[in-house]
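Let me begin by presenting the structure, written as structure tokens, before commenting on it.
For clarity, chains are labelled A, B and C in written order, and residue numbers in each chain start from 1.
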Amino acid sequence: MTLHRNSVAPANARSLPIRQLVLTLVGWSIALIIFFPILWMVLTGFKTETAAIADPSFLFSPTLESYQAVHARSGYARFALNSVVVAFGSTFLALLIAIPSAYAMAFLPTKRTKGTLLWMLSTKMLPPVGVLVPIYLIFRDVGLLDTRTGLIIIYTLMNLPIVVWMLYTFFKDMPKDILEAGRMDGASTLQEVFFLLLPLTLPGIASTGLLSVILSWNEAFWSLNLTSSKAAPLTAYIASFSSPEGLFWAKLSAASTMAIAPILIFGWMTQKQMVRGLTFGAVK
Amino acid sequence: MATLQLKNIIKQFGDTKVIKGIDLEVNDREFVVFVGPSGCGKSTLMRMIAGLESASDGDILIDGKRINDVGPADRGLAMVFQSYALYPHMTVEANMGFSMRLAGVPKEERRAKVLEAAKILQLEPLLDRKPKALSGGQRQRVAIGRAIVRNPSIFLFDEPLSNLDAALRVQMRIELARLHEELDATMIYVTHDQIEAMTMADKIVVLHDGVVEQVGSPMALYHHPRNRFVAGFIGSPKMNFLPVTLTGVTPEGVEIRLPGGGERSVPVDGVHLDANATLELGVRPEHLVLDEQGPLSGQIKVLERLGGQTSLYVQMDDELITIMADGDVAYRVNDTVRFGFAPERAHLFDAGGLALTSLQQHPLARLTRQDNRAATESASPGEQV
Amino acid sequence: MNRTRASGRTVGGLRTLSLQAPAVTLLLLWMIVPLGMTVWFSFQRYNLLMPEMTGFAGWENYEYLLTDPALWSAMSTTLLLVGSVLVITVVGGTLLAVLFQQEFAGRGIARVLAISPFFVMPTVSALVWKNMMMHPSNGVLAWLSQSLGLPALDWFSSLPLTSIIIIVSWQWLPFALLILLTAMQSLDEDQVEAARMDGAGPLAIFFFITLPHLKRAISVVIMIEMIFLLTIFAEIFVTTSGGPGLATTNLAYLIYIQALLDFDVGLASAGGVVAIILANIVAIFLVRMVAKNLED
């Protein structure tokens, strides 16, 4: 792009190094400002509690004190396990339910397909608060309050529309010819799905799954309202730090770092494909 | 190996009919080309034969058996897709062997059959590659190989050459013709390119708006188009059309007055013509001859010199007439030229666009590619039929 | 023969239906059962603390709710929060997308850093901002303003809603950036060059070429953010608990207070119905917008 620019306006060529320098400076400053809270959190996690509340400084002797402390509080592992089980369980369930549905919509569309898709999306518009009370009462009555199963059910339903949508987008991108060639070669519907569709759309399915994991992992409304201790995931655990203000910044930071690190890395890895699915293919 | 019959095939999407009742016979070992402009229904027709699309009405018979309700894989057909539709995650060998793998054929047998097909198509060195690592022509050959492996009774080709560049297309055309001979199979081929149709077909089916306009050998279609559409579609550059006035009908033909006043008698059957019928004259660019005494004249607007030939685009009243002339003609743009034509090379179309029947059959009109082969074999080299 | 066609279509339709059935049924249940219950409860006297008080309440709950200034305050807080964050993220996201589209050293890493906050769980980002950034005595911002000789600001007591808006914007700005940047990469470079040949400067190119190209992506950003922003909860729960007073109580938080703190199921349900109606007004426009995007 820059090359083209030069060829169109050679006058710019001389000023280019300066332009480059300014761009680099501005770009990096903004990126660092945006990233700063995360960076600061990670750094604070390696400080002592005293250093954590002292005047801000990048110069300190790093310690694993806080990590050990968080680790020692038996709680952390349990909350983390809850997060993992709930995020992956709900994602697995959502994919299982969504794949046949998205397959039908992409390859056997009827007149109602578009309407169904839009309706599914509109259920996302239903604010959780609107149904908090009945869900809470139902869960209380059937004993799902503060259970992983309960959260998995909720997250599955919560992410189902987005998962169906994303899969639909990825499936629709798959050339129909290939499936037809498979049919000519004698593949049954199941064989079509397992030998052709799933292997070919695996990257899409994976990123859909990852987005679902990310959304479940970070979900806070239902986890704060439907769990208390037994099934509470990391979001709720971190929220419990909100009361004793300022006392355990280093530990809070260490715990938070551990809570977000896996998802942050997931996100970095899959950002490109996530955009495609998240925007329902409207943005390429 | 196999014959195909279509009986009053209709295809409807919602309220729109895209195929409006097609009857067709494809003989054993015939190379049949469906040709027509985009949207004419040729691909839909092929997809119905393949079983990828169901016919709304009518019967499809292979070897006399109705197969409307038989699944695509069980019809004994193989199809080569326009996009090749290779399985991108499988090697060439796996691509070609996929149908046999689904059918539960043992590995050894699969490999043997794939190798056999690969040999015919010179694909042996590529068997371990994935489609991504192949060139367009190679992918095309793999797609054909996948079809050959199935040992089908009928091959279906859906615009298989349209994604290739011009040079490769000529090469693949020759290869397909050779393959047809080697495999001795019935083949149905869909294209919008009339050159592909002319060069490869035993029988061309011209489709337009879901209707068969004409069925016949390439030479029959070229010399005796049934109507104005076929006349315009077959042949390149396109046939020229001129409005003419009917002046009389004799046993020898139809007498007409040309724009500019000249009169000619065209040897076609005009017995049923009204005295005041409106007629249109059709003459192919290669049949127009520059001639100082010719009955037609116009001003040259564009001149394209191809070396061996020169295309002249001549303005005549409102029409731009194309003339294929010799490569050495000395004319320049804006020159006025006179030209004419041999009456037996001309066609007349009535107001409905139907051609008046020629009184003489062109000697080559009944020639098929098979005859062509026989002819070249018997003729001594250098001599042309 | 017509039989063939009819049965063919039904079989295909049946197949489609059966494959979709699980997803559709679940979502239908998920929508209708709680929704029906919410509407039902909203007309009941139902307080978990007063089990003896039951029965049909008529419009009582709604009357109480609609005359309660808290509702109106919560609604305006909700709209203010959603509106401000949308403006900040869309405008900021567009500008950042233009910036990160330019070539500069280490652009790839800078981009990844800039989109990171989107992946941070809301409770973490709220706590980090509350304690380590905005803390009146030990926060980084307080330290910064003191170094500049200014008095430190107690963010959450003097500018509570602004603080929340900053936190939420920080979370969603990367999302807008991510999507708009992707959209920008699909901008036809020939178009830009043609405009440059026509004498368009950088500003003209931005307003006449880039921005129209981004229209669709921007509408998608607005829609998705709206879905999530209307129900912001954790950030408020962790930082201000809706206070001081009602300053940061949005609709979601108000219902939470009524249901799970005051145990007034009837009143909370009425609030839920109001929230649903509000969301639906928004949704009608948004779904149309997406539907339009689907057309092409």
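Criterion: a residue touches a chain if its C-beta (ideal position, glycine included) is under 8 Å from a C-beta of that chain, and two chains touch if they have at least 3 such contacts.
Given the structure is predicted, the values throughout are model-derived calculations rather than measurements.
Novice: Based on mean C-alpha positions, I'd like to know which chain lies farthest from chain C.
Specialist: When every chain centre is compared against chain C, the largest gap points to B.
Novice: Which chain lies at the heart of the structure, taking centres as C-alpha averages?
Specialist: A
Novice: Cα centroid separation between chain A and chain B, in whole Å?
Specialist: Averaging C-alpha atoms per chain gives centres 55 Å apart.
Novice: Using the average of all C-alpha atoms in each chain as its centre, how far is it in Å between chain B and chain C?
Specialist: Roughly 58 Å, centre to centre.
Novice: At what distance in angstrom does the C-alpha mean of chain C lie from that of chain A?
Specialist: 15
Novice: Quick one: in the complex, what on chain A touches chain B?
Specialist: 175, 177-178, 180-187, 191, 195-196, 199-200
Novice: Across the complex, what residues on chain C touch chain A?
Specialist: Against chain A, the touching part of chain C is residues 12-13, 15-17, 19-20, 22-24, 26-27, 30-31, 33-35, 37-38, 41, 96, 99-100, 102-107, 109-133, 135, 138, 140, 143, 170, 173-174, 178-179, 182-183, 186, 189, 193, 196-197, 216-217, 220, 224, 227, 230-231, 233-234, 237-239, 251-252, 255-256, 259-260, 265, 268-269, 271-273, 275-276, 278-280, 282-283, 286-287, 290-291, 293-294.
Novice: Along chain A, where are the residues that touch chain C in the complex?
Specialist: Touching chain C from chain A are residues 1-2, 4, 8-9, 20, 23-24, 26-28, 30-32, 34-38, 40-41, 44, 53-56, 97-98, 100-101, 103-105, 108-110, 113-114, 116-118, 120-138, 156-157, 160-161, 164, 214, 217-218, 220-221, 224-225, 234-236, 238-239, 241-242, 245-246, 249, 252-253, 256, 259-260, 263-264, 266-268, 271-272, 274-276, 278-280, 282-284.
Novice: Could you please specify the touching residues of chain B with respect to chain A in the complex?
Specialist: So the residues of chain B in touch with chain A come to 50-52, 71-74, 77-79, 81-89, 98-99, 102-103, 146, 150.
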